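Let me give you the structure first, and then I'll get to my questions.
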């Protein structure tokens, strides 16, 4: 291969390499977006918008940030503390698995409902759905 | 992962320089790789620093910035090796600034406390250029200050400073602007009075820029203003009013300033003026055409035929030697950066930080649009630097400052907050 | 706020998309127009770096060559200024002319192979090497002919009638193609009243005078209107002759003293205009014009350099009997090029077939392979072989026979066929013409000589033609 041929190959390769870089960026980004939220403490792509706070002391319309695995209950050890009498100490868990949300009821006294339907063990939740913990009502909203 | 991407970026950039060297000497001359190697090494240093002081920050921004800056230095070196070396030096300085910014212990929000200070300092610098500035490239206007061969353009620093000011102000007055009304007689108008200080600062900067005939930066400031108001208030009335005023302003400017009229005429039919004012634009378009899809190859075209190719018309040089393929991938990389920045803005918790991130990204995005649009005849040509790609020391400094701020915002956004 | 941020992002996405479309327009859709613009400085630098092809004569002598300077710019040089009107010039300022122009796509390498290697070479910006031309010209003969012709405006062509190859072509005054790029020199060329840039051999318009009688004779014999032995007595031979109120005086009969009657053969030998005027009338206007066209008059001549079309009439004039008569002996509205008269002579040398004139023998690629052969072929079959042989024999008598006007063209040991011409110009001296070919039985050289305002063809042009034939015959086989 002569020098000229090498130069021709080289300059084609250069531009191709830039495209490969871009593609790699995109792939890695996609991977990270899916993986990142799986780490429990990391910020999840959603908030809980308070609808009916009752005695929790929160305001209607207030946004509660969610992490990948948010524990919800009356006890102060929870990620999200709802101090309403009808909320159990460890009431539920709201989980972002990278692709979707799942709400898990932890055997609460007054139950957890999604769009009015009672949650037996775990149930998928979509953005826009209304979730009730006891009587406290909130909506899952995007960031 | 950031390191892996940086490694790839570094390899690509170095290969580009090797290619350039081979085109010139028929073999790769190690001397030609000295400055690029230093630059690539500095990106790794910055990444390690980044890992220490902002470990949770976004991992994609630095590699993209690194490769864009690298390609920019490559093209500038190809056009003028001296400028290329200078660009490496300025870049290293910028990286240092970014490092300082991202390692600063206090929150980004400290900036908002000094918003008027930043605005004032920035405007003062512009005033300095009016009073005692130098004109280093014969554009006819003195936009630089400096001495002993080291010059910088204050307007580049003013851009992020103004973004800080806007972000701080808009965040404070957000509810007012979004909700309240202004009663004029029996009309209920949006509360423009709360905008007054904002508009005052903005208007002052515009006037100074127009005084210095820096129409590109004036246009950019208008764009940032509109973008940030839109993001901050969700009320369409503000951008609409702003655009109307812009329309009126352009109309007036067209009739008052012969310069504006000239630029518009050249934009409408550059080929009719191909020997006079339109020469630069026509040559730029010819250079793009010569590049075709695949380009002539780095170092193998004739891009210096376009006047002022290292700054305003860097896109023509890229188009001629790297082709449409090159331009598309570089624009895509810029767009990637912009999207990552906006995603950062979405992730941020704090209103000021959201606005600031959006504003800083708007600076990069709008500059790209203005200069690419101008050199490809989508709009009248005004001179702003193409971020990371065109030659410009102050531009590099400011852009890396923006990068540093974005890292800071990213770190704070990802701190676990409950 | 987040929705707005997302919308802002969408806005940027859209604008970037528009920008990409716009750039695509300039780089792909409209690219070729932009690249071809005259104000694209790359075109000139590229053209100046092309290794322009060599032009050589039939023996390999370099006529136009190239030198490459240190920066890679190519310069054209010419070795024989007598060929300037044939080869032409290649000047960055004034363009190309003659062969440099018509064969420019070959010489500048624009025509190249379509195989992968050439495509890749183009992508690699490899130096473009043009194709070389081999001409039919023999440079030693060319220079000899140029020295034989006087330094006054004149032209001569030497050709091989068997295949149409042009062995020499001289047009005077000449110029130096190598100096054309000098603006002062160029200006002096344009201001020169003798128009050195014109190739008189193929573009000059002249009344052919008596040389045209070979065409008239061909028309008469081929159509059967008259035969070589047809007699013309008394006034029909000596004149005066009145046609349509115009009287041709007896002086134009050119008969030697004491001759009262001639046959057509002798009329040709003495060049009797009175007789030929009547021959023309006998042939008739339509038939006559038809034959002139068969010889190439009023037709475009395909050739390797631009040729002016010869005309039998001045446009707009009616071709009445008077015109016919005048035209028949080579005056009237006739304006022809020397090339045209050469072709008329070649017809007689070649059994009635006029070969296509050929200047470029071959186009060769830099690697030696043949890109294109010369355009050989027969242009017209103007007359029957029998007629041509008769005219040929008559032309031999013009030179070799007693009293023939072409005696100054005699060559010892060689039978020469020819015809003199003395054309009245209406101002100044007559043009001196001579056409000839030799040896008459198997002609291998044909020649036409024209001396503007030279005087009598028999005394001015014929001796030059003899010298040219003597120089050319040893070079051909």
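First chain written, first letter: the chains are A, B and C, and each begins at residue 1.
Going forward, a contact is a pair of C-beta atoms (placed from the backbone, for glycine too) under 8 Å apart; a residue touches a chain by one contact, two chains touch by 3 or more.
Note that the coordinates shown come from a computational prediction; the quantities given were computed from them, not determined experimentally.
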{"item": "Centroid-based (C-alpha) most distant chain relative to subunit C", "value": "A"}
{"item": "Of B-C and A-B, pair with higher C-beta contact tally", "value": "B-C"}
{"item": "Identifier of the chain whose CA centre is least distant from the whole-structure CA centre", "value": "B"}
{"item": "Subunit A and subunit C: spacing of chain centres that average the CA atoms, whole Å", "value": "89"}
{"item": "Rounded Å distance, subunit A centre to subunit B centre (Cα mean)", "value": "34"}
{"item": "Inter-chain centre distance, subunit B versus subunit C - centres from mean C-alpha coordinates, in Å", "value": "67"}
{"item": "Overlap residues in subunit A, where contacts from two or more other chains coincide", "value": "7-8, 143"}
{"item": "Two or more partner chains touched - positions in subunit B", "value": "294, 297, 300, 323, 346"}
{"item": "Per-residue overlap in subunit C, given as positions that touch at least 2 other chains", "value": "2, 123"}
{"item": "Interfacial residue positions of subunit C with respect to subunit A in the complex", "value": "2, 120, 123-124, 126"}
{"item": "Interface residues, subunit C side, partner subunit B - complex", "value": "1-9, 12-13, 15-16, 18-20, 22-24, 26-28, 30-35, 37, 39-42, 45, 123, 125"}
{"item": "Footprint of subunit C on subunit B - complex, ascending", "value": "227, 230-232, 234, 274-275, 279, 282-283, 285-286, 288-294, 296-297, 300, 302, 305, 319, 323-324, 327-328, 331, 334-335, 338-339, 342, 345-346, 351, 354-355, 358, 362, 365, 368-369, 372-373, 376-378"}
{"item": "Contact footprint of subunit C on subunit A as seen in their complex", "value": "4-5, 7-8, 142-143"}
{"item": "Residues on subunit B engaged by subunit A in the complex (per definition of touch)", "value": "1, 5, 8-9, 12, 15-16, 18-19, 22-23, 26-27, 59-60, 63-64, 67, 71, 294-295, 297-298, 300, 322-323, 325-326, 329-330, 332-333, 336, 340, 346-347, 349, 413-414, 416-418"}
